[in-house]
Amino acid sequence: MPQPLQIALLGSKFMGRTHSNAYLNVAKFFKLPLEPEMHTICARDAEDLAVFGPRWGWAGFSTDWKSVVDNPDVGLVDVATPNHVHKEQAIAALEAGKHVACEKPLAGTLDEARAMKDAAAARPDQHTFVWFNYRRCPAIAYARQLVKEGRLGRLFHVRAAYLQDWGGPDTPLLWRFQGDQAGSGAHGDLNAHSIDMARFVTGEEFTDVIGAVNETFIEEREIVDSAGGEISGRGAGGGGDKRMGKVTVDDAVLFLARLSGGAVASFEATRLSTGDKNRNRIEIHGEKGAIRFDFERMNELEWYDATLPGAEQGWSTINVTRGGDGHPYAAAWWPDAHIIGYEHGFVNQAADMIKVLGGEEPEAPIPDFADAWETQRVLEAALRCADKRAPVSIADVT
Amino acid sequence: MPQPLQIALLGSKFMGRTHSNAYLNVAKFFKLPLEPEMHTICARDAEDLAVFGPRWGWAGFSTDWKSVVDNPDVGLVDVATPNHVHKEQAIAALEAGKHVACEKPLAGTLDEARAMKDAAAARPDQHTFVWFNYRRCPAIAYARQLVKEGRLGRLFHVRAAYLQDWGGPDTPLLWRFQGDQAGSGAHGDLNAHSIDMARFVTGEEFTDVIGAVNETFIEEREIVDSAGGEISGRGAGGGGDKRMGKVTVDDAVLFLARLSGGAVASFEATRLSTGDKNRNRIEIHGEKGAIRFDFERMNELEWYDATLPGAEQGWSTINVTRGGDGHPYAAAWWPDAHIIGYEHGFVNQAADMIKVLGGEEPEAPIPDFADAWETQRVLEAALRCADKRAPVSIADVT
Amino acid sequence: MPQPLQIALLGSKFMGRTHSNAYLNVAKFFKLPLEPEMHTICARDAEDLAVFGPRWGWAGFSTDWKSVVDNPDVGLVDVATPNHVHKEQAIAALEAGKHVACEKPLAGTLDEARAMKDAAAARPDQHTFVWFNYRRCPAIAYARQLVKEGRLGRLFHVRAAYLQDWGGPDTPLLWRFQGDQAGSGAHGDLNAHSIDMARFVTGEEFTDVIGAVNETFIEEREIVDSAGGEISGRGAGGGGDKRMGKVTVDDAVLFLARLSGGAVASFEATRLSTGDKNRNRIEIHGEKGAIRFDFERMNELEWYDATLPGAEQGWSTINVTRGGDGHPYAAAWWPDAHIIGYEHGFVNQAADMIKVLGGEEPEAPIPDFADAWETQRVLEAALRCADKRAPVSIADVT
Amino acid sequence: MPQPLQIALLGSKFMGRTHSNAYLNVAKFFKLPLEPEMHTICARDAEDLAVFGPRWGWAGFSTDWKSVVDNPDVGLVDVATPNHVHKEQAIAALEAGKHVACEKPLAGTLDEARAMKDAAAARPDQHTFVWFNYRRCPAIAYARQLVKEGRLGRLFHVRAAYLQDWGGPDTPLLWRFQGDQAGSGAHGDLNAHSIDMARFVTGEEFTDVIGAVNETFIEEREIVDSAGGEISGRGAGGGGDKRMGKVTVDDAVLFLARLSGGAVASFEATRLSTGDKNRNRIEIHGEKGAIRFDFERMNELEWYDATLPGAEQGWSTINVTRGGDGHPYAAAWWPDAHIIGYEHGFVNQAADMIKVLGGEEPEAPIPDFADAWETQRVLEAALRCADKRAPVSIADVT
């Protein structure tokens, strides 16, 4: 009988829900070295928590995050709050001796991220994890394997675009459009994922950001009472006398970069790509092969094997659900081609974190704070490049 | 606070797992009129149950299904056992006054199905449900809405194919290849789904089966000790002195049919369609529009609107995940294009069953035993047609 | 300098145009053993011919087909007239000692087809050809190669559907809806192609038609003056007092069949598959591999290699345009992925016919009258099966 | 009877072949105000011309381009020679009073392009045309119509990538890798098309290039005797003592830009995108709708109409072959979904040029030298931006 792992979760919004679901289900599907127990959920609104907690099976709830992270029963603190509070909470949890998981991006600012990375480095016996959930899509984890086995050879191109369209002019001034709460817009929200995926799949680091655009297409949005809420993609409709407020984050950030192995890479994150709801897309081309991925068809990896006889070469759509054939994570789920969905990436990550905490190997490497710091440096470099209108070396972002 | 609904589940194999998962998760995502409680899991192997039960959160477990269906605390009995025991268990549960859910197909034989339908008809105050889970794919439920709203007009063609490929010559003599246990092969397993989907989406009934082929390509398979197990798709490898046993079910059944509105329909179910793992595909063409669906991309419905200006007409790929826009079931899950997977169909069905039991409307109609009887008649008609080598009127299958 | 081949073409409608284009262009792209010369175009309307002939480069034109086929200068007579005159013209040309090419299907009736086949057999030194143009799609010719090389292994399934949608209720009573002129409807027009493709790619013959539906959904259509014209897909619009006439051909024919190697096959041809303009689709599944083709993406062959390691298996989209890698016909055209279109199949066939007449090997076998007779027998068997409502052995169609 | 238009073509390589084919076929398919006559083909190798000329139907051939452009019978001079001779030939033809068509890009250098543009401006009665053939793909011309009719609304994003993969390390030092002959690599060859397409479809001009990368991945290639030849995509194989030569053009150029209406745009041209043979791809997103195009499926335009009811929105694949419904150029060709190929874009352009010369409207605007000059400025700005590592305003490129 495995030892229990007591988990405390900070945050009960969208990510609070995906993490709760992950902890609820992970032990149903995976064989784990520790038994996850849902100890405490913590957020600001006690009334909401009284519903949310029992619904998801949390043993207790609290509105006082400091006492939660100090609770000696808790083994893992999971920070799923807005970016601007990651630092304080994560460092407090580290100082209380806990293992810490944190939502992405690591932090809202480079300074905060650095502090977190340093705090983690000072406590090498405590594990840290960052929820770059797309690494846990079987297709992405499998793409990484192909690169690692040399199946793509020398890499020439990475082409990433994370495209959403809920940010049209009718969308009101949600908290996600306000820099003081969100840190950044599409950049921190979406490019963070793409940068992490590029690093994860290629196994390479970024060396330079060469050009960048930081764009706010819609400069003012309607102030509405519910604007603190979640993404809805729905307009406010419109009375005659709207109150308008200033948008203080980007709608879109594009940049060009170079990787350590010499590949040229392009990135685009936007909330105004009409028709694309959650199109997290990446294409990587090497001397011997290439891969393509689009999250809206997350169960599929497109693979081009340039070492096959020429007449037989083509883009092959692999349904990455074959547990018996070794597709990552697939053995835990359903039979071949009984596909999985968005939340499974979170369950897969919960499984890998618990394996690491129990001394086992994860199915694919999980980013710790040091790893996520590398992604944060690239995010920062892209912003500086857009601001200075000149290339930025990653080596200069420290 | 909603009243509890105590559930007992018979069966702990593949379907036992999907149903357990559904009951575990349904109240996390749906607002329900009754609170589902996982009362008892029942199967033959006590040792397995001692692991399975707690893992999935069942309060108790039992190897005596008769005592379970008689337990006065239980409100809903869910029959997820092999087809040849459906009748006995479902009727016993009905006689004990329970609501009954049953896996598809309704039964292994027409006689058994008729008995079940009649037993249900005799107890109009008890609800019956059949787990035709593909009705709960948002894309299929949405397709039904389009037909119902007249968007396709008069229907001309239904083209259904449920294609798998795990039944190659290297696959051993699993229980699924043995008629006494499985009832039929691809026909009952796969065509049952396709027939139900065709009836559900079109809102029409079958009138005739016009031609049919019932085919067993691989007549003998290797006898192996684990052959009672689940589908693996893996060959047995092969020593020199295999023991071979006779296959007593079909590998593939194809048939042509007519629907009550005049449409011509074709069906194909097979386990030897190399490259197709779980390709449950249906295409329906009407005077004003058409739809296409492939379960391997279950979040997508292809829709052709022939009333648009000609130059703008095309097959449109709708990502059926937009809760705010009314896509069925989508509001319960994640934001737009954060896709769902195979098991969500079961969770959606659990939600709809609980709504019905609590006096609410389901998001889409659930088949009861009378409804599933209609599907069973078509299954039977196809077999008779293949056997007699002549058309069979559904009216003659009673 | 190659010897000239003098060609006479009978017919100047849709097929007259595609054949003229083929003869005009073939020597620009292919190296040929004979030099094709466009000697005479022959049709009924002299006024039309006076425009059509010079436009396409025909040296002369005539309204008297008998004198044309008797002209001693002519080496190849190409019959592109309606089905019901194929027999008379083709046999006259054979009797005049000419090589004969004929549009598909071979004839409007079995009797006529038999007479043509026998006439050809009596003159073994004269070549006959039938324009089953889809054999000349590089993707189809390449699929045949894969089967021939054993890459699919034993075949289990053929699934063909040729789907069009121009036959809605608003389409008037064109000649194509009149049995005396057209012979049959979708069956002879579309299933003829599918049957030929299935025979060509698999290398097998049909043994039985097991079930069939012969359907006329729209029994009456408006009589309009221009109804002798070509397919337009456009309705007649509609005044109050339309004159309606009876449709005497099928709108759709579906059938189930068996091939000589044991595969089960299904066929569907229809003019009422809304959304499908020219969707000539075929899927073939064998023990080791499978192929899929859809003419609307004619440059692509989907190929599944079930002998690859399981994790790498997927449906691969091969762009069949790589001349340097041996894709059939591709070397004659443009660089890789500079795709070709509908008419190229005709140019490819013209090249292959001229090669045969010049003593060279064609890139892929061309059906002669004996070969097209086999297709005609299957067409006939399907009609008899639908009519008798009982299986028909091909051996009985003689 | 239309007046004749005597045409002289300079160049007999790949583009000489596509233009010859266009002139040969254009009057077969289009109704034209002038009758094109293939007067003279001109190139350097008389022996080749003696084959090429008669093959394609040129009345005469010559190795002396100066006498050809001076020939008083010639009405249109078509320059399909390498970029570095465009200027001299085009200006000579203009000075001789001819209408001039020229292959893209307008010239190898900005200075040459400016001289050509000025020479054309000085002779307003003579027409100039540039062969940006992708404008003549029906899908692209139709996309332009949608933008023009306001169906996309305010534009936010343009995302263009022209991806090929024939430039791997085994490809020898063809003329296309030598700056003195080719001018540039993928940039002038491929980005020129993408820039023109973006300008054409959006109807906007570029204002700034914000960041750019100019990359030569393979710095040395093998010198082979046949290296002056066409693209083959085939390696040289390899003995031990290869002679290597320096590559003096780019393998890939990526850049970020802004359009006059505020949209942000990204461009990528490369010869090392493994798996992409001729993937000329563009995506444009506006407030009300979006389009996607990929030349490898050139008959299809993907269209997203964001003004439809939310539940019905999806990416619609329009088969842009419906002449009766007004798809550009489609009426000239075959019935619906009888698709066309690469060379048809050239035939379509020939038709439009002849219409303009005959005083009629083209189906879509053709770029003249002044228009192509705008594309050349953007090409130049991207190179300067990559070189200076700083943004470049198009206004400064004069």
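Lettered A, B, C and D in written order, each chain numbered from 1.
Definition applied: a residue touches a chain if its C-beta (ideal position, glycine included) is under 8 Å from a C-beta of that chain, and two chains touch if they have at least 3 such contacts.
Here's who's who by UniProt: A, B, C, D = Putative oxidoreductase.
Because the structure is predicted, anything quoted here is derived from the model rather than measured.
K.L.:
Please identify each chain that touches chain B as well as chain C.
P.N.:
Shared contacts of chain B and chain C: A, D.
K.L.:
Where among B-C, B-D or A-B does the C-D interface show up again, with more than half of the contact pairs the same?
P.N.:
More than half of the contact pairs of C-D reappear in A-B.
K.L.:
With contacts counted as defined, which of the two, A-C or A-B, has more C-beta pairs across the interface?
P.N.:
Between the two chain pairs, A-B has more contacting C-beta pairs.
K.L.:
If every chain is reduced to the average of its C-alpha atoms, which one ends up farthest from chain D?
P.N.:
B
K.L.:
So what's the Cα centroid distance for chain A and chain C, whole Å?
P.N.:
The mean C-alpha positions of chain A and chain C differ by 54 Å.
K.L.:
Please report how many Å separate the Cα centroid of chain A from that of chain D, as a whole number.
P.N.:
From the centre of chain A to the centre of chain D is 41 Å.
K.L.:
So what's the Cα centroid distance for chain A and chain B, whole Å?
P.N.:
Taking the average C-alpha coordinate of chain A and of chain B, the gap between them is 35 Å.
K.L.:
Return the residues of chain A touching two or more other chains; collapse runs of consecutive numbers into ranges.
P.N.:
Answer for chain A, listing residues that touch two or more other chains: 313, 315, 319, 322, 324.
K.L.:
Chain contact graph: line, ring, star, complete or other?
P.N.:
Graph shape, chains as nodes and touching pairs as edges: complete.
K.L.:
Could you list, by residue number, the parts of chain B that touch chain D in their complex?
P.N.:
Checking each residue of chain B against chain D gives 142, 301, 303, 305, 309-319, 322, 324-327.
K.L.:
Provide the residue numbers of chain B that touch chain C in the complex, in ascending order.
P.N.:
152, 156-157, 159, 161, 165, 168-169, 210-213, 215, 217, 252, 254-256, 258, 262, 264, 266, 268, 270, 272-276, 285-290, 304, 306, 313, 315, 385, 389-391
K.L.:
Under the touch definition given earlier, write down the residues of chain C that touch chain D in their complex.
P.N.:
Residue list for chain C touching chain D: 14, 18, 21, 24-25, 27-28, 55-56, 166, 230-234, 277-279, 295-299, 319, 321-322, 324, 333-344.
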